[in-house]
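Both of the next two complexes hold chain A, though its partner changes from chain B to chain C.
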Partner chain A sequence: MTDPDTLGVGDRVGLVFPARGDLVVLARLVASVISARAGFDIEELEDLRLAVGELCLLALQGSDARHGDLQLEFTVSADALDISCTLVGAAPALQPITEDGDEALQLSEQILAALVDEHGRHQDDSSVRAWLRKRRRGPLA
Partner chain B sequence: MEQEFHIAERLDRGVPVISVGGEIDVATAPQLRESLHLAITPEQSSVVVDLLNVTFLDSTALGVLVGALKRCREFGGELHVVVNDARIVKIFEITGLTKVFPIVDSLTAVGAS
Partner chain C sequence: MTASGEDGPAGSTVEREAQENTPLPPDNVERDAMITKHLGLAQQLARRFLHRGEPLDDLVQVASVALVKSADRFDPERGVDFAAFATRTIIGELKRHFRDKGWAVRASRRVQELYLELGHATSTLTQQLGRNPTVAELSAATGADEEAVIEAIEAGKGYRAASIDASESEDDPISARLGHLERGFDIAEDRYLLDPALATLPMRDQSILRMRFVEGLTQSEIATAIGVSQMHVSRLLTSSLEKLRRQMGPEPAQ
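Then we have the complex of A and B:
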């Protein structure tokens, strides 16, 4: 029988919210809960909380997100948690990322590189998607 | 319960000390940017940023601090960061900023109280 307080292999959780900076805290809160329920320890949980915030920032970077939504998806696998963040319903960037934006992007990349096992960002004409994979140190509870 | 974001400013022996509490992220970092911009002037080129009560910070917050540090140095001053929470120090470490900022773990270490 599945423990109601845990998430198991194949479980998915989605979260959609308006693409506003003041709401990124929602992504961090949900990441904390899901990480704990997916068997990550407290240090890994803190890493994921920070990493998810950076994913949201990467998705928002360089895009006109004033009218869009951020769509997060958390997927639990046997040894890892996969998280993707997609900016939907917003116009793509008309201008290159500013100098400040470049610096912020670089800091986000550095943070993600240190905290998670794999990460990436893809932008095309209609969407921006950032993703990460963090492997669990211990076995799934 | 999460601590509410707040900023307090004071002068300690003529040096501005900006104390921040709560979470500094993309939503709150602009307030810190504004405080630092006002505090750092050609006449007052050094500042202490007290992060002892900060519970979370992200790349946006780091970007604001880097920008403020550049401004301080442009005017011949320095920006000192006070932080003692291991989780916050880790973020400075993984971004290599411990080599850029003078970081200390107490206000007394920078001569403030």
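Then we have the complex of A and C:
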């Protein structure tokens, strides 16, 4: 990174916070700053703010919100921003997704499908990982 | 694992495909039932856009109309899930709503206005409380949610001149980029050029400039001395320096 006000190709930013819904605001704020500095326009920035919130909700599904951390990683590439959100340290508390949770999960998936170019979610016995990719309309700042 | 890469963002493949299909007739019972069943979805999606400063009622209305459009365009024969299709359409319409209202321009203005409002609220609350207010208190005073307050504080810094940003750096308060200005103030105080410019500022602003650049007090120390918040001092310094710079700067080339 040469310009202190921008993020360039390959730049990564990490954020870790307790896996609680009320702290998802942190992810949205960081996503705003990173999107702006990675050259996304204001509409794309708002899409990413919304999307990263859904990403966190996807990762939180299946946890009981009393264990673990949400680990976010933002990676700037030549034409996109990749964000991954992993629920870590919650293995003993990972829950099967309930019917309500499934509905919430589906809604988040549908919202992500409308806001970003690619997204996904993977859950195994020890962690949950959700990710998204949003391509930039304009050139890299 | 799922991926939506083939469909792309809102308003693309699925929506276009559905538009090309035969819609359900407007008086179709199935269509009405679909709309009724998904009104909650429209409301939930509208709520997701609340932080952009539009009233919830307006957003729900836009989302509900979009839901009806979704039902009109939806073709069950295509095997596409209605909720997924409607979500794309509703989000597309909500985004269009903001675009049509020139939201991008208004958004930056709104942040600037909130930043100014926060300055006033900070001063008032500091005097009332006898201490700097918390974000929660600023949120209550301005009616903006806490996230918006934090965002406005952060964004507000970006609206200032670059040299003033530097003056607020925690590591190197002012010397790095305003250092020569400080020396300039020392020297220029006795010069005819600065005196008239300084004299145009209110006495309080002159005092603050003197405390900051002559006596070397920090913004927080000045804030304590004159009984306002650090944020308010910062804003006054920014404003004063900009006025001085305008008055003392060279005439633009013709």
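One rule holds for everything that comes next: the second predicted complex is superposed on the first by the 134 of 141 C-alpha atoms of A that agree within 3 Å, B and C clash if a C-alpha of one lies under 4 Å from a C-alpha of the other, contacts with A are read in each partner's own complex, and residues count from 1 in each chain.
Basically, a residue touches a chain if its C-beta (ideal position, glycine included) is under 8 Å from a C-beta of that chain, and two chains touch if they have at least 3 such contacts.
Note that the structure is a prediction, hence the values are computed from the model and not measured.
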Worksheet item: Putting chain B and chain C on the same copy of chain A, do they fit or clash?
Response: clash
Practice prompt. May I ask you to decide whether A:Ala78 touches chain B, chain C, both, or neither, giving the answer as first, second, both or neither?
Written response: neither
Practice prompt. State whether A:Ile42 touches chain B only (first), chain C only (second), both chains, or neither.
Written response: second
Practice prompt. Name the contact category of A:His119: first (chain B only), second (chain C only), both, or neither.
Written response: second
Worksheet entry | Touching partner for A:Val9 - first (chain B), second (chain C), both, neither | neither
Discussion item. Taking the superposition on A as described, I'd like to know which of chain B and chain C A:Leu50 touches: first, second, both or neither.
Written reply: both
Practice prompt. Determine, for the superposed model, which of the two partners chain B and chain C contacts more residues of chain A.
Written response: C
Discussion item. So in the superposed three-chain picture, is A:Asp22 touching just chain B, just chain C, both, or none of them (first/second/both/neither)?
Written reply: first
Worksheet item: Is A:Gln110 in contact with chain B, with chain C, with both, or with neither (first, second, both, neither)?
Response: both
Worksheet item: In the superposed arrangement, does A:Val33 touch chain B (first), chain C (second), both or neither?
Response: second
Discussion item. Out of 20-28, 56-64, 128-136 or 164-172, where does chain C collide with chain B after the chain A superposition?
Written reply: 56-64
Fill in: Common interface residues of chain A - those touching chain B in one complex and chain C in the other
25, 28, 46, 49-50, 53, 107, 110-111, 114-115
Item to complete: Would you mind writing out the residues of chain B in touch with chain A in their complex?
Response: 23, 25-27, 56, 58-60, 62-63, 66-67, 87, 91, 94-96
Worksheet, complete the sentence: Within their complex, chain A touches chain C through residues 25, 28-29, 32-33, 41-43, 46-47, 49-50, 53, 106-107, 109-122, 133
Worksheet entry | chain B partner contacts - residues on chain A that touch it in the complex | 21-22, 24-25, 28, 46, 49-50, 53-54, 56-57, 60, 100, 103-104, 107-108, 110-111, 114-115
Practice prompt. Using the touch rule from the top, collect the residues of chain C that touch chain A in their complex.
Written response: 1-5, 7-10, 41, 44-45, 48-49, 51-52, 83-84, 87-88, 91-92, 95, 98-99, 104, 107-108, 146-147, 150-151, 154
